[in-house]
């Protein structure tokens, strides 16, 4: 039996997904038994041109992690798509935008200004990175920093998704098994159980029948009882809105779930649904009471969209830029 | 028009890199540009988020060394909330951090940097990687490497929830402790780690130091930068990974300055080049003098070697011997890539 | 408390007594009253009948001036003691804010004199201020000589309740009565209290005007009143000044003291006559003193 | 699938499109009453009937905005009048939190509005519909950034499809 | 739950029907264009118009098409679903289609009746049709559940409406609980003397009915009681009734009145409510001779024993039945009924709100209701009409529309004032021979024998002056006015202002909703108009139903009406209730929520949300489940469910998403 050809690549990501693969530990050896890794910048020395030289569809499966922020990342994604039979969006960034996705809260302009012109550590040489720089020796080029962060499937067609930040070892192993065994589910599926966190939460038994939260606490504001349901203790745990399959490591570390693995397939917009659920857990009636309770939730948008802003139905609406929008539209 | 060689991407390290090399008419390297073609904008989108989320947000800067960012942010929170963590907290964090750098250095040595030496620079690129290393050093070693990393990673997960992107850090504390019956696991791991690093040093000794070609190589001009070096040290100027002051030494090894991390803005500034998204740090007082080495340039180095250069030595006596074995008095910075 | 005060022409003329007594009373109650600088004609009911728009413009200028002033009680409260001024200013206020076309015209008119008016002024009658801002309790404390034996017919006239009844009942106003009770006086039930005093007819169609005012006084007498309290210079004038003529005109004696309600309050507060403009009254103060 | 209707966006004759979610018992009935009383109002608001304002999933609002609505109006019974006792309070709590979310997302306050309208308040339906239409007309179209779609041409779709039709990865 | 029918294919075949509703829709909406547009929508097989879709031809059209074109989804664009959804569902059902494969687009109430611009109206109609078409595709076949109807009825209010409704239902052999707040039933009608236009004695026709109620085996009569709590739903209401203490044992008192005689208060000195304070009673009293039940009660605020705690208690001693019990406390009764009839009546307008009419200022100004008592032989004056000073009035003015047809008060017409004013005019004339002046805006005398009655009074030389009275004053301008009440009025027929001196003034006060109407409305979860009258489900087609199934309206609580109308409506309400009972069950809208177990993570976000405690954790605690019998279908839990596991039938997420998309995608 011929080994299948696999590629691993990162786009706008942190390398955690690479680590996740390395952390297959001894399993990794079995993988390389059955898989020829033809591209993996983090660990192997193949270059882009090696991929370009391949025929279309030559790679059986590409595991692509990271969101898409630069023109270069877009090109790489497109390249791998063309060369691959299957593309698997690997990890939260590729799946939903991930942490870098929060870049969509602000405009690209803002980000560049902040990093290169306003940051307190700068020497104020008023320089910003350019797509093309004419140097004595010739032109040096940089990829374009795009207007917004995109998920992988907003850039190229994606066949499967491995969720999580990083994807849990268990899910990776199952995915590989399915892949090698040719037992993949319907195209477009997320390769994880389609049910929410609470289902496998180690503290499920301690859930109260009803939630009547009177005060939202931040994790450092009170001691979290290591046995009881974290949400019931008034700490904003996104478990109910979040897919399971990660074996709840954060909760095991006595911290609330922050939703890195994303919503289950039923949910169209993680943030909006989280709003529905969170606002259903307390029962003030007077407007000012409600406001007061909500004031305890710092930065709601950043909380519910932390790992999935680019995947939001709202995608992006830059603050205070409505005028600009109108002009654009008109 | 002079020729240009592009190396894209740079491989076997964390992060995105690209090198543009310009050759002159003689075909010699005229100038090379190491570029980082990547920007995500953490500085900006982190603004407006809850402070206590920083350890988890910033760890996403790098998933290979998330613990470093996580810990840095956590300590920043201590500072922000003006709390001094109790000793148990400090120990737990430090333990976590030690686990991390054992695992991380193992990774670097065997997966990323190591192959260049173990299988050698001339080996075909299909070989120049962990698999090649295993091929060379034998499956036994491979199993050891993997075994140790696994053990350590599991303990990291025990403390931090996730080994990659831990969640333990809180202002003035940690989210979880160790129950007594699990303590032996950590003690064992420590022993294994020491054992393992002994082994690694052996390998290093056999593969590198015993190979004159390598030694000549790495001590050659090409691989040497005479810059300032920065690293964290304890009150005895020994290396410390968790806390202490930042010490900067001159190219000749004498102390340039020493300051508490939170004062970094007084000592360090950043320079922007139009051809890379990365910003270049330099010593504020000396100023940006371009890509120059030497006393007069503000350029300084960090990371393992710099850390050793900036310190008087290692706190652990057992390591001092090893260190001197690597450092013969003539050169202070032999192994730039290590 | 501090209020802006719009006198209007009559309080500087025939109605001096009203101004003097009102200021004295407010002072006695520690209410600061500041005259609106550079005020002009209110727009006057008569003018209103001739050229509404110009009348509004005149009124608007006063309102604009008032808005400019900074007062402790924003939106600026502007006291208009004369019922006519009170009505005209109120009417202008409403038309400017509620009728767009008129509003726009007025704004352009003001703009010509580079003024603006955003509708912030609150036109108020002294009755309103005394009853609702200061209150009977406070007033009771200021009473030195309770007015036992004084039986007051409170005359409101038509303008403070029609068409707008902003602070009292349209058909059966009682604010003045309440003040009088606070002074220890009684009030008589007098159904004519909002009936026409003859207005300016007394000067144009005398016969008609006189009859109207005569009816009022006559009925007040029938009702056992010994003094009529007024809140408007014109009403006051009509009810007071023609009493002699009536005797010849109707061969009927309708002799009755008429005083501004503020004068009556002043008396109860024990303010000396001079400061209450008592001497300006046709019916001698002595007489009023006697009845009280 | 219209992101923002192009011919809608000439700002001069911009006709906002507003989706309303009205509860069956009070607000929808009130809208019927407005009809029966022949109260004319702006035709820009289009009503979706739900049994209770408590049924309103914030996802509906978001999805309406995404699909080209310039505003969303939510109508429920006055506090204390809910046919289901509490539903409108639940709607209120979700609305309040959603507003905070939308604010961060750069969406103007006026675009999403909650109103208590009793079955008898046909006139209020008229008022609110007109008010909101004008407010949003003044704001202009919402113009969310379109959700990016993969650019198939550059992917040589035909190649892709060939490849994709092959199905399973595992050989043998 | 989905049922199979050969017609319910997977691929939607949609029929769209656009109603003209005569010109109601067609005059604004270009129905032809809409139909054309509908034809272009996905899965639409056929789109037609019709003048009246709800008519038989209209419905036949749908049914024929279902068979002929194998339609499996129906959309009707016409009026409000609240009006005709049931009609068309049945249409579909009769043609063998599951009734819930139907969706309605409201292009009348929400489009043609509220839109001026035809083009924009047509666009809006298109959008609504597109939404319905898109939504109906995701509809699923459903069975509507039935719930049994408890055959007992609660009637709130013991006026003529409540009394009549109670008797109708009781005679049909059903149990009735009649709850009245006052110590006796009878309501306003019991206070009247004669009834217009027939002038038959009010008491004579009412009191027999009252005792029928008292004696009817199927009627439980609770007077001096109030409904405390209403739970449940159509067919299954659970009611809690508070019974205030009378301090007299109802079952023992025989109404002999000895106790009243014996009361330590020798003289009656407390205002008698029934005579509106024109006569006096003792702390222990019977509201009026024909009171039903005919038993006495003690006013706890007046009785010395109850206020001071010490008294000779002569009343107690004299009562041989030992019916008096000072220790009595309020008690509560809990009952279950299938239907509720509200007959809570009205209150009269308080003319003090119109000070210029001098009520409360001039002693000889009376309200019409007071006059009813004076004319009544059992009234404070034994039917004699006299001024306070005891003299018989020589002239009486009757002012119509006091509080009615008056923007400052009630803009509506109270409907009965003209007629009762005529009646009073007749009675006063008859008994005093006084000159009588009616001041009216318009005479409104529609009704059997009403206008004839008006004519008759004209012959009786009663004066009618058309004009609204400006004021009633005692200010005499002429000697002949001395000591009289002068009515100042503009006679709009003659066109002059007149002053008419009279001895006595009667204010024909209008009817208004009871001041506590709003509380009652909330308690029973129905709605009311701005004026506070309870609103019927539909002004024409459901005049006695409310928006809440199983609750019906009778009498003036729904709006001003005279006795005949009230009784007629009471009968109608009674029959509605009876038909519900005889049917034996109510069709429940199958819009309940359910939780898909395999999706539910057991997060329990939903449980506290359910106001009816319909959601509970499953036995194993792993998931949550909805008890659909308890679910009322608000869908709050569905909106909250972070897993999309909770779904509401007829309002699934999918269906609403489809509706949103349809609404925005095509127009």
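Order of writing sets the labels: A, B, C, D and E. Residues in every chain begin at 1.
As a convention for this text, a contact is a pair of C-beta atoms (placed from the backbone, for glycine too) under 8 Å apart; a residue touches a chain by one contact, two chains touch by 3 or more.
Because the structure is predicted, anything quoted here is derived from the model rather than measured.
The minimal number of chain-to-chain contact steps leading from subunit C to subunit E is 1. Counting steps between touching chains, the shortest path from subunit A to subunit C takes 2. Taken together, subunit A and subunit D share the touching chains E. Among the other chains, C has the CA centre that is most remote from the centre of subunit A. Looking at which two chains touch through the most C-beta pairs, you get A-B. Central chain assignment: D. Criterion: smallest distance from chain C-alpha mean to the mean of all protein C-alpha atoms. When each chain is reduced to the average of its Cα atoms, C sits farthest from subunit B.
Rounded to a whole number, the gap between the C-alpha centres of subunit A and subunit B is 26 angstrom. Rounded to whole angstrom units, the spacing between the C-alpha centres of subunit C and subunit D is 56. Our note on geometry: subunit B versus subunit C, Cα centroid distance of 90 Å, whole angstroms. Chain centres here are Cα means. That of subunit B falls 81 Å from that of subunit E.
With touch defined as above, residues shared between interfaces to two or more other chains in subunit A number as follows: 105, 267-268, 273, 276, 280, 283, 299, 302.
In subunit D, the residues touching two or more other chains are 57-59, 63, 90, 94. Residues of subunit E in contact with two or more other chains: 609, 636, 639-640, 653, 657.
Every pair of chains that touch is listed here: A-B, A-D, A-E, C-E, D-E.
Put simply, subunit C touches subunit E in their complex at residues 169, 171-172, 189, 191-192, 215, 219. Residues 1-2, 4, 7-16, 20, 22, 30-31, 33, 35, 37-41, 43-45, 47-50, 52-53, 56-57, 59-64, 66, 77, 81, 107, 111-112, 125-126, 128-131, 142-143, 146-147, 149-150, 153, 157, 159-168, 170-173, 175-176, 264-265, 268-277, 279, 282, 287-288 of subunit B are the ones touching subunit A in the complex. Listing the residues of subunit D that touch subunit E in their complex gives 1-2, 15, 17, 19, 24-26, 28-29, 31-32, 34-36, 38-41, 43, 46-52, 54-60, 63-64, 67-69, 80-81, 83-87, 90, 94, 118-120, 126. Against subunit D, in their complex, subunit A makes its touches with residues 1-2, 4, 56-57, 60-61, 78, 81-82, 84-86, 105, 147-148, 150, 153-157, 159, 179-182, 184, 187, 267-269, 271-273, 275-276, 278-280, 282-285, 287, 290-291, 294, 297, 299-302, 304, 312-322, 325-326, 328-330.
By the touch criterion given at the top, residues 10, 12-20, 22-23, 25-26, 28-29, 32, 41-48, 69-70, 72, 98-100, 102-103, 105-106, 110-112, 114-116, 119-123, 125, 127-130, 133, 135-138, 140-143, 145, 165-166, 218-220, 224, 226, 249-250, 252-255, 258, 260, 298-299, 302-303, 306 of subunit A touch subunit B in their complex.
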